[in-house]
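When the chains are written out, they are named A, B, C and D in that same order, and each has its own residue count from 1.
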Amino acid sequence: MADIKIGAYVCKGCGLGERLNTAQLMTVAQREGKAQVVREHEFLCNSAGVAMIRQDIENEGVNHVVIAACSRRAKTDAFGFENVAVSRANLREGVIWVQPDTEEAKEITQEMAADYVRMGCAEVAKMQTPVANPTHGNNKRILIVGGGISGMTSAIEASKAGYDVLLVEKSGVLGGWVGKLYRRIPSHEPFADPMETGVPGLIKQIESDKRIKVYLNSTISRTSGAPGQFSVDISMESGGTTTENIGAVIMASGFEPYDLKKLPELGGGKSPDVVDQAGLEQLARAANGAAIKRPSDGKEVKSVVFVQCAGQRDESGKHLAYCSGHCCNTSIKQAMYFKDSNPNVDAVVVYTDLRTPGNGEDFYRSAQRKGVIFTKGKVSEVVPGAALQVKFKDLILNDDAVANADLVVLATGMVANSGVDIDAAGGAPNVEGQAQAEAGVGKQVSVLNLTYRQGKDLPLLKNGFNDSHFICFPYETRRTGIYSCGPVRRPMDAQQAIEDATGAALKAIQAAENAALGRAAHPRSGDLSYPTFRREGCTQCKRCTVECPFGAIDEDEERYPQFNESRCRRCGTCMGACPVRVISFENYSVDTVGYQVKAVDVPDQFSEKPRILVLACENDAYPALDMAAMNRIQYSAFARVVPVRCLGSVNTIWINDALTAGYDGVVLMGCQKGENYQCHFVRGSEMAHYRMSKIDDTLKGMSLEVERVRTCEVAITDIQRAPKIINEMAETIQKIGLSPMKF
Amino acid sequence: MSELNKVMVEKYRNDFLKEVEANVEEGDWVKMCMQCGVCSGSCPFGPYWEHPPQEIFMMIRAGKRDDVLKSESMWMCTSCYNCIVRCPRELPITHIMHGLANYAHRLGIAPKMNPTRRFAKLFWQNITKGGRVNELKLSIGLYFMDGFSNGIKKGLEMLPVGLGMFKTGRLNPFALLGGGKCKGADDIHKMLKKAKEIENRRKGFAS
Amino acid sequence: MAGAVATNETILVVGGGISGMTAALEAAECGKDVVLVEKNPSLGGRVSQLYKYFPKLCHPTCGMEINLRRIKANKRLRVFTLAQVDKVEGGPGDYAVTVRLRPRYVNENCTACGACADAVGAEIDNPFNYGLSKMKAAYLPFSMAYPQRYVIDPSIIGTPEAEKAKAACKYDAIDLGMKEQILTLKVGAIVWATGWRPYDAAKIQPYGYDRYDNVITSVEFERMMDPFGPTAGKLLRPSDGKEAKNVAFIQCAGSRDRNHLKHCSRICCMASLKQSTYVNEQFGDQAQSTIYYIDIRAIDRLEDFYQKVRANPTVKFVKSKVANITEDRTSGDVVLHGVDTEGYHRYDNRHDLCVLAVGMEPSVDVRSVAPGVHADASGFIEADVANGAIFGAGCSTNALDVNRAVQSATAAALRAIQVINKVSGAEV
Amino acid sequence: MAKKEYSFYPGCSSERKASASNYMVSVESMCKTLDIKLNEIPDWNCCGASIGYAEGGELPRHAMNARNIALSEKHNPGQDIVATCAACWLGAKETHERLSASEQLLADTREALREAGLDTNYKGEVEIRHMVEVLIEDFGYEQLAKPVVKPLEGIKIAGYVGCQTNRPFGVAGESFENPKYLDKLTEIMGAEPVEKYDQKVTCCGGALAFSEPEKSQAQIKKIIESAYDFGAEMIVTPCPVCQMNVEVYQDQINKKYGTKFHIPVAYYSQLMAVAYGGNAKEAGLGGNIIRATRLEEIAAKPAKR
């Protein structure tokens, strides 16, 4: 693009004019910041101020703009200029709101402001306005793996929105477990009776939908590529394999019931008359509204006991630790099968906590009205025999009881078909990385068979379910353009699976649409920048390919990293990982930050004016500091805060540069890592902490105290704590003295 | 009466819940309890209940027939209706307790010496005799429930109260000779006889 | 103005809480034109008033920052605050929606410098803190409020106070002449995400929320933990400001109750389990929490969290619906009366503070503005063909946790897109 | 004020020289002032009270109440039935409700009523109301305040509502846990209600006062204690059973617990009778075993006009 022409604009509003010497700041921008156009304005964000900038862009050819005013989080509408590189020197939240308005403070406050202007100019000088990644594909067909209620719903909903769908089901029929049900838990008022599954209707709908192509008896033997340009091999039982091109993937591979044979003490596998919920559905379908007969001798069931949480909510570690959520409603529904065909059948549900959230409460009441008996108790044993004996502790009457039954139903819960556990090798980030890739061979068969360097399937979270940030952004997986839904993501009933599948369809469509425009997906949606690397400089150390939280980077046949831009989430973790610093984005690179660090004016060691570099995650730590400023919470005037996309993008060279340049301390602020991670790029913060755990050697090498560098987890709510951390560093420096590295 | 008890045991075998649903006032609500215990906690006489209502409901479902019907608990009900207005499942608990007590009483297995049972009997005889309460006879009857000497003792205890009532014109000594009588007393007798007859028929008590 | 704002290929999202923001963003990031209307002065809804989310114990504002960034970055999404839907007419692909815009008395010139608030003396109840604290009548709803623009409360309009505010603003951002506006938006589909409101605890008479200072609601308890909230982040009980170390949590306060809400509100068990960790956060092993429950409904993977709390020796569980609460006149302590039904144990337990885990009910009955829409007895929107292209999202459809609300909102966004794509005849 | 007419069910305790005869006296003068005409149901019978269940059972109990309703509908057609006694009101209202809810029960009851020649008379079309409801709903506090000529200045009164006037039916718009109507009535009569009184709706053990005296007296103790704690000089109640229990056992309680209870327990109607200018006799104050001296003083004073 054309030569860089920097325009620097200093605002005098919000007290900046009173508190700061803006003329001096303009000189700084001009002399040191090399800004060709420099202006100040009484009130930069109002229409006149903005118009002034626009004029310079149009008439003066300004293409790089420095806004020396408020935080980059404020006034985004006013300062959003198209096709122009913009940097923000945060003089309001970053300086005057966190410094006392006193004569003594005037000098260092001004120095602080001047540094931010220098930094703004330095940053913008290294920035380019990004243009969309040219290698993107624009295939918008949606692949759905799994033909159960979730997969079928995703297929129909995506098609309704006008998108072509490929539906792959490993069995010979669509419908999955819900298709095997006699009836479903009701989803409408009065929530009183079981309702039709509706599956036959859905199958018809799919068969007659020209946008939906169905593969039965088929599995995915290979998935490669990226959003907008996936290529998958579909292997049929018959032996044949076809290759299809698609834009995005929905993994709806569902669940298997927990094997009741693992529960012999509850009669699992010991008696044909002890069945799981799926087994009971079979019997109910066979009876089809008439009296249900038991497997052993075909005798009409006169008494049935439902054992809740069978092998679930288990604390021994032998069975499932979680609750499958739907089983209480399901047992209620199944008890109704009996009561509806013959009110004189004794149906007892033995539970510890009856879990019927929402309108399930109506369903529960309805069952009681129908005469189903609910007993709070813990079942210890089911004794096989012509009349099964269910031994349990009645927790209300606090005594041991026995219930005789013709049939016993164990509510055994759901086990996710989530493919192989690609992290099975071990939790801690593995820089050599080999292990992770091979770890693929796990207990289960792969569902997607991804050719990704980081493994064949989606990473798992807990209990074998797919990883997702399961509160704010439940759909976000660590494989861009691949979304999971239904019980593979979280145990759920059919109604929830339908909602979930509909949402997943949207995410898949969205991923394809964004990929086609070469734009990033969540959370930097719409970001056009993408990482590039200097092949000549690369040492093939593979750190980037291993550390990318999203498995976006593979290796080409020459063992060089192969960036799949459309899989990239633009967090910059690869950039932070690269020891030879060959990875960068147009508008965010080792230089855009590195030159900011260097631009800061570091006074000599006799000045008693230390410098503290604060690298703050822009998602949590930086906003926390902003809000501290809004609440006028002050922190050390020696701090220079640089927002980063993610702490994972922090390259240790920045710390080295800072220390050699004579900074006295460095503070890194990132999001919470670990199991309950809050890092918006999942592993970024974790990676940064891991790397920084090794920084001590560097420091010792420079014969500097290790206390000079601190890495910490900061939440967006740490409005008081974040400034405190900065001040603590200032105090530490007071104690150990200024850095000797100044010159 | 205990004949009737045998009949019922035979008829319902181990299904006490069905027996209750069929024979106890509002009994078909028992199955709707979700064991939250708000009734048990709300009863002013709660601490005196061996088995509070919610537990009784569970015992009924668990088939503990004798433990329930022979219990003193239901007789502790003061008819304050606290449980009813607080029950999240809208069970008419007060009435169920009354119903259970009445049922046990009719089966002749309610605790013989339970004072409330005996007072209730006395009270009903008192009001049905003439159609209205005869307070004096009622209280005197009450005192002599456990024999003459006891009666005198109780009577003396209560004398101040009685005297106070008498002085303030709220107790009528002549009531001993009558009073509390409706003109239609005979109709009432016939009516009640009929009512009982119908109820027995309905609940299979007629033996 | 209205015409320019929307066409029948526009999606209207009603409600700017987590569900509305999600629906609006997901649709806009699929390339659709979206208008988001919120009745309050800023986005965020109920979640912005929470201290932490279960089960991760992370902070709602963390995800909100991301969503706000997405909104700022997205040109296809327009936001109206202080906007309320009065009427919905028409049908799928062609709705006319009447929107009432209440005056903010502050225009886009506002830099959120705060000079007006400093100038104004008048104070009003702070709705963000459920009225537990006061705030200036010229205010920024909360630190992360978007739009980041102050509000002048109508109560001071026409008074010298308002003039003070105006005088204090250097950027003539304050326009006391602002009038209420009525917009008619032409839209193709509507996502209804008006969320929930806490059940009125005063109606649960046995618990004396209206009589005893130290009986509060779970939503109020959340506000206490906010360092900038009514108690500056300390768990202090209202009656005397004493530290509330011994806290009772009453489940199903209004829920699962034919006298109140017949449904189970799903989130309350987890909310109380979460809030028990707050008590530990402040008082360590000095803390004493007691959770009175009927059934603990920590479904699916949330069970882990329940087990963690169960293992905490400072948290007790009592299977009992508390019968009633009385107040100890001298100490101000609350005394909970009831029966532990696991084996019949009668209790009269004394606590510093009692938190009612209040249930959820829909904050708006959609039928009041769109009569055709199908809702259940509690007023939650039920999916139904009769609803046309009006799609419920989040807690307007059911009592949902955030995870499920976001799913529901994402699903609703697709349903709206399906209608829009039909209108535009878009073939992919 | 328009003259109002009701069919009246006084109940056993309100009979001449019965335990609540003084209630009756005060009600009569109150009604006189308010120009309410009460037409007593001819030959009414006992409601069976709540204790009636044990021996009587379900249907006989309903028959007893149905007879009263039938008699009323026969002799006072179209008139709401008004009761002053909680138990009477509850009994009749309950029967009325159940019979309208169950065809079966209605038929059975009619069959029984036939024996008394009243089967065709039971229609169940009238409202069964408590005197308090009539005052609040048909007159309203404003109207009730008008006739006050001797405001009960300076008397601190605890409003004890009790159980059956309050539950399960209660007075429309009032809470089961904290009804306020007695306080409001007290206030408009010029006295000072003890609003924080926290035993308003505690059960006095009424039905079991005879059979379980020590248990019910423990209840009564709570009720009186709290009244004292909040500085009340008098307790007011709408229920004959409550009035009797709370008043007459105070000496026995004092003996048992060493307390010094001596607090008058009056009926709302007595407060009103006095405030409306009635003398001690008209207000039935002679019937209070523990003399309501403050009321007597005011009753003795000349009316303010």
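Everything that follows uses one rule, which is that a residue touches a chain if its C-beta (ideal position, glycine included) is under 8 Å from a C-beta of that chain, and two chains touch if they have at least 3 such contacts.
Since this is a predicted model, take the numbers as computed values, not measurements.
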| item | value |
| --- | --- |
| Mutual neighbours - chains that touch chain A and chain B alike | C |
| Centre-most chain [mean C-alpha coordinates] | C |
| Pair sharing more residue contacts (C-beta pairs) when B-C is set against B-D | B-D |
| Inter-chain centre distance, chain B versus chain C - centres from mean C-alpha coordinates, in Å | 51 |
| Computed distance of Cα centres, chain D from chain A, in Å | 67 |
| Gap in Å, rounded to a whole number, between the CA centres of chain C and chain A | 24 |
| Touching two or more other chains - residue numbers and ranges from chain A | 354, 376, 396-397 |
| Of all residues in chain B, the ones touching two or more other chains | 34-35, 55, 85-86, 89 |
| Overlap residues in chain C, where contacts from two or more other chains coincide | 206, 256, 319, 324, 341, 344 |
| Topology of the chain contact graph, where touching chains are joined (line, ring, star, complete, other) | other |
| Chain pairs in mutual contact under the definition given at the outset | A-B, A-C, B-C, B-D, C-D |
| Chain A-facing residues of chain B, complex | 17, 31-32, 34-35, 55, 58-59, 61-62, 64, 89 |
| Of chain D, residues touching chain C in the complex | 175-178, 198, 229 |
| Chain C residues within the chain A interface of the complex | 18, 25-26, 29-31, 51, 53, 55-63, 65-67, 69-70, 72-74, 108-109, 111-114, 140, 143-144, 148, 170-171, 227-228, 256, 262-264, 266, 295-304, 307, 319, 341-344, 376-377, 382-383, 398-400, 402-404, 406-411, 413-415, 417-418, 421, 426-428 |
| Complex interface listing, chain A residues touching chain C | 13-15, 43, 45-46, 70, 74-77, 140, 157, 160-164, 187-189, 313, 315, 321-325, 353-362, 376, 395-398, 462-463, 465, 470-475, 490-492, 496, 499-500, 502-503, 505-507, 509-510, 513-514, 522-523, 525-526, 619-620, 623, 627, 630-631, 671-672, 676, 678, 680, 715-717, 719-720 |
| Residues of chain C that touch chain D when the two form their complex | 205-206, 208, 210-211, 324, 326-327, 329 |
